[in-house]
Amino acid sequence: MLVMKDISKIYRTDTVKTHALRQFSLFVDEGEFVSVTGPSGSGKTTFLNIAGLLEEFSSGVYELDGRNVSGLNDYDRSILRNEKIGFIFQSFNLIPDLNIFDNIDVPLRYRGFKSAERRKRIDSMLEMVGLGSRAKHLPSQLSGGQQQRVAIARALAGEPRFLLADEPTGNLDSHMAESVMDLLTEINADGTTIIMVTHEPSLAKRAQRNILVHDGRVSDAEPQLHLAAKSA
Amino acid sequence: METGPILRALMHNKTSFILIALQIAVTMAIMVNAIGIIQERSIQMSRPTGVDEANIFYLKSVVFNAAANYEAQITEDLDAIRNSPGVRNAVMTNTVPLQGGGWSSELQLEPGVDITGTGVAMYFVDEQGIDTFGVNLIAGRNFDANEINWHDFETNDWPPLGIVTVGTAEELYPDEPAEAILGKTIYVNSDEPVTIIGVVERMQAAWNSWSGVERSMLVPVKRGSSAVRYVIRTEPGYRDEVMPQIEDMLASSGSDRLIRGMETMADTRKQSYLEDAAMVKLLTFIVVLLTAITGLGIVGLASFSVARRTKQIGTRRALGATKPAILRYFMLENFIISSTGVVGGAMLAIALNIWMVEAFNLQRIAWYLIPAAMITLWAVGQLAVFGPARRATNVPPALATRSV
Amino acid sequence: MFSYYVKLGLSSIRKNPILSSLMVAAIAVGIGACMTVINIDYIMSGNPIPHRSDLLYHVQLDSWDPNDAYDDPDRPPDQVTYLDGTALLAAGEARRQVLSYKTGRVIEPEGDDLRPFQADSRSTTAGFFAMFDVPFLYGSGWDKNADDNEEFVVVINKEINERVFGGEDSVGRMLTMNGEPYRVSGVLDTWDPMPKFYDVTNGPFNQVEEVYFPFSVSIAHELGSRGNTSCWRPVDGDGYAGFLGSECIWMQFWVELHGENERQAYHAFLDAYVESQKALGRFPRPMNNRLNNVMEWMSDQEVVDKDVRVLLGLAFLFLIVCLLNTIGLLLAKVTRRAGDIGLRRALGATRRAVFAQYIVEAGVIGLAGGILGIAMTWLGLQGIRVLYGELDFIARLIEMDWAVVSAAVVLAVVSALAAALYPTWQACAIQPASQLKAL
């Protein structure tokens, strides 16, 4: 479903040329739970931005859901992002002035769904993450774990092709981190593809497969216990 | 359009909202009332006097030889002036429209001391008066030369004929057309009858803010005294050339007298409305300055508000907002804030106007100024927010993934 | 600590030059607008004769039309008739009194090269000069005898003295007016009461008259008023005599009274006088006599232009807009400096200390805004001069004195402090911890 072939990303300044990604290739099938790990500076954030259509790349091919995304302008990329990708950020990135309901509503509005459709989706998402009763609350009134669950609900509400998670438990204590990872595993079990970027090996173990990134390249891609993860 | 969420978000972050809305409201209140005053004054200033302003000038002749024969001097002067090249006509009279000083008396429909009269401005003229002032006789006739009498300070009785303006006729007989006053008799000085033989379209009185400024009467009297005013009408275009010539001619005519106070009708108008004209300019300047300050203020506050939400903008972009969608968001947010501002402003403007009408006797503003100001301030707000909103669209979606 | 905060304030201004200059500019423009109008209002409503203004009283008698008040709703005429003025003068019930009116004379200087010219004149009784504390360069006014004997004396002003006598001490010399010689008894020094309180009916901001001569002489010459003459009923008799005996109002009558007792006594006298006239068939209106001292009279006659008051209201609202801008700018500055504030709090600054620092900073900005505002005020007043320049008295209205200058600075500082209250309160609410993570 997601095909990256020999993706390179070069940042140029007047004096320096930095290769953030070199010949990076990745294939992700539908329904997989893949983790991308590496030390800081390894290029995993660049990978994340490119996979999430947040940045353009210098060379290579990226096909998302069968569609080649090279040469797409900013407008089309935005629309594609909205339809196909669900983001989960390390610091939740909820909009502080909006209540939970309105936060989940944001990507749905960009999608153009009608009011009734949006309400249906938001209500069902809130149910799913167990926050149905807190719809009118502001993010500041929720714990870290609850905020991340809202972010997950926001990411899923539009039925994206895959979730792109960036250190989803980085700002959570171990107890909340567990529950969030449980939720992600559950979502994956229901059929949603998940690509998770993290620097913590213990988290990476929760995925079915891990890709190591080092110096902008893929190192040994270790196929992990597929079957073990799927049945969990 | 995301009106609901924008409103709810504004509720949680009231500061920018209130500051911009308040600025717009106060600006609107000032703007509406200032423009109201500008309108009122401009209308006042544009009223025609009814006389040939472009070609009329006047001067005063002050004789200081107590033994002089005033009548002879005046007759001699008028002949000389009327026969000068470039002069169309001249008349000796007490004042001119908008001069600021003049004579008014009360006219009554019935004789009697207890009857309420109507104040009317008096112009003492001879049969050349109408032509000299260039006023328009729309009914009846002018005075004949033999109907003009010489009066001096001693004479108290009033001539039996008069010519009034439409304004006077309409005030005395409001239910009839102005021309109907022809032949009627009205009373001056309580019981002296005056028959109206002519109606002039318009000749304003000397006081521009007087409620009776359109009420004048021409009286067939020449008042001989030591200080007299000559009003002179030149042929079109000759005024400036003729003025010094007449002044010299009169001043050097050998008698013991001074010529002073020579003015054009055009300058008289300017002087009369000087304060109004200045007020208009001043208020216009204030309105423009105020709009600029408010506009710049909104630019500043909007920039600040956008900069504060960079992370949020990045997140929205990551979630799929296109650049136009971001622009629309901020334009819509500003529109909502401006709307609150102009609604508040409308109420404030009306309240301010009510107070000013009470306290300073100003006029009520025309209703359409309110929607006009609303539209203007909406436009100013949208224009002001456009820059910061466009900057917002340039926030990269990748910002969302940057840590903190 | 205060000087430390001042230092901090100044350095903060230097570190945020754009924001700070915008704030100073916003305050300066608002102050400039306000103080320009306040200056004009202040001068127009100033006391023209402060050391005597509560001793001098303007007299009004309601001799007007029974069917119609002189001025709505029920105000008596602003001038008196010849009959009443002379009667009150003769009665002499007040400490001092003066009856006068505005007229004109033609001065004929000696010598063929000097042309005759008109001079604004005032026909007055002797009391004028002492009552109104008129300054003399040479000589003095005349006395009651001169009034009674219809002496041809004259007091001229400095400019006429220059023009006719070359500026010398001309007391005792003769001046020909309208063909007759008058003896100069005094030359006035510069005299510029603002407003011209003793005759507001005929131009409250005009210059004072150039030439003064006795009332009795003027009447003997059958001179009329160059100011307003109003009559509610036609003149009965013939000629000037008829005019003098009429109900036409054309002169001003002032008295000098010290203390409340004298005022009440005089008011009672006026009432009694009117009663006696009523018995003769005059004064058909109800008793309505007025005694106003200088400031009361100025207020009653609404000497300050209505336009000035309107502009005052608008200028204050303008200042509010400028202040709203300032609040916004201060908020922006506080947000930008959030890190600094958090750090200071972490290092032990109390909320009060943060408050003090930012209030003092606002005060410094206010001070700068006030000083710049003085320049703006000056500009504004020059603009007024350009706009209204043709009005003779404008030059006097645009003079700034120390009171106005100080007021500008005080207003600026107070406004800046008021505007700073909300942003500073916000600054104090910043939690130390929340900002440290961001650094």
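Which chain is which? They are A, B and C, in the order written, and residues in each are numbered from 1.
Keep this in mind: a residue touches a chain if its C-beta (ideal position, glycine included) is under 8 Å from a C-beta of that chain, and two chains touch if they have at least 3 such contacts.
What you see is a predicted model, and the numbers here were worked out from it, not measured in a lab.
Undergrad: If each step moves to a chain the current one touches, what is the fewest number of steps from chain A to chain C?
TA: 2
Undergrad: Where centres are the averaged C-alpha coordinates, which chain has the largest centre distance to chain B?
TA: Most distant chain from chain B: A.
Undergrad: So the centre of each chain is just the mean of its C-alpha atoms; given that, what is the distance between chain A and chain C in Å?
TA: Centre separation, chain A to chain C: 76 Å.
Undergrad: Using Cα averages as centroids, what's the distance between chain A and chain B in whole Å?
TA: Result: the chain centres lie 70 Å from each other.
Undergrad: Compute the distance, rounded to whole Å, between the mean C-alpha positions of chain B and chain C.
TA: Whole-Å distance between the two chain centres: 26.
Undergrad: For chain C, which residues are shared contacts with two or more other chains?
TA: In chain C, no residue touches at least two other chains, as defined above.
Undergrad: Where in chain B do residues touch at least two different other chains?
TA: Expected reply: 404.
Undergrad: With touch defined as at the start, can you tell me which chain A residues reach chain B in the complex?
TA: 45, 48-49, 52-55, 74-75, 78-79, 81-83, 87, 89-91, 93, 95-99, 102, 105-107, 109-111, 138, 154, 166
Undergrad: What does chain C use to touch chain B in their complex?
TA: 22, 26, 29, 33, 66-68, 104, 106, 108, 115-118, 178-179, 222, 224, 233-235, 238-240, 242-243, 305-307, 309-311, 313-314, 317-318, 320-322, 324-325, 327-329, 331-332, 335, 383-384, 387-388, 390-391, 422, 426, 437-438
Undergrad: Touching residues of chain B toward chain C in the complex: what are they?
TA: On the chain B side, the touching residues are 15-16, 19-20, 22-23, 26-27, 29-30, 33-34, 37, 62, 64-66, 113-114, 116, 153-154, 156, 189-190, 192, 227, 256, 258, 260, 270-271, 274-275, 278-279, 281-283, 285-286, 289-290, 293-294, 296-297, 300-301, 304, 308, 352, 356, 359-362, 404.
Undergrad: Would you tell me which residues of chain B are touching chain A in their complex?
TA: 2, 4-5, 8-10, 12-13, 311-312, 315-325, 396-398, 400-401, 403-404
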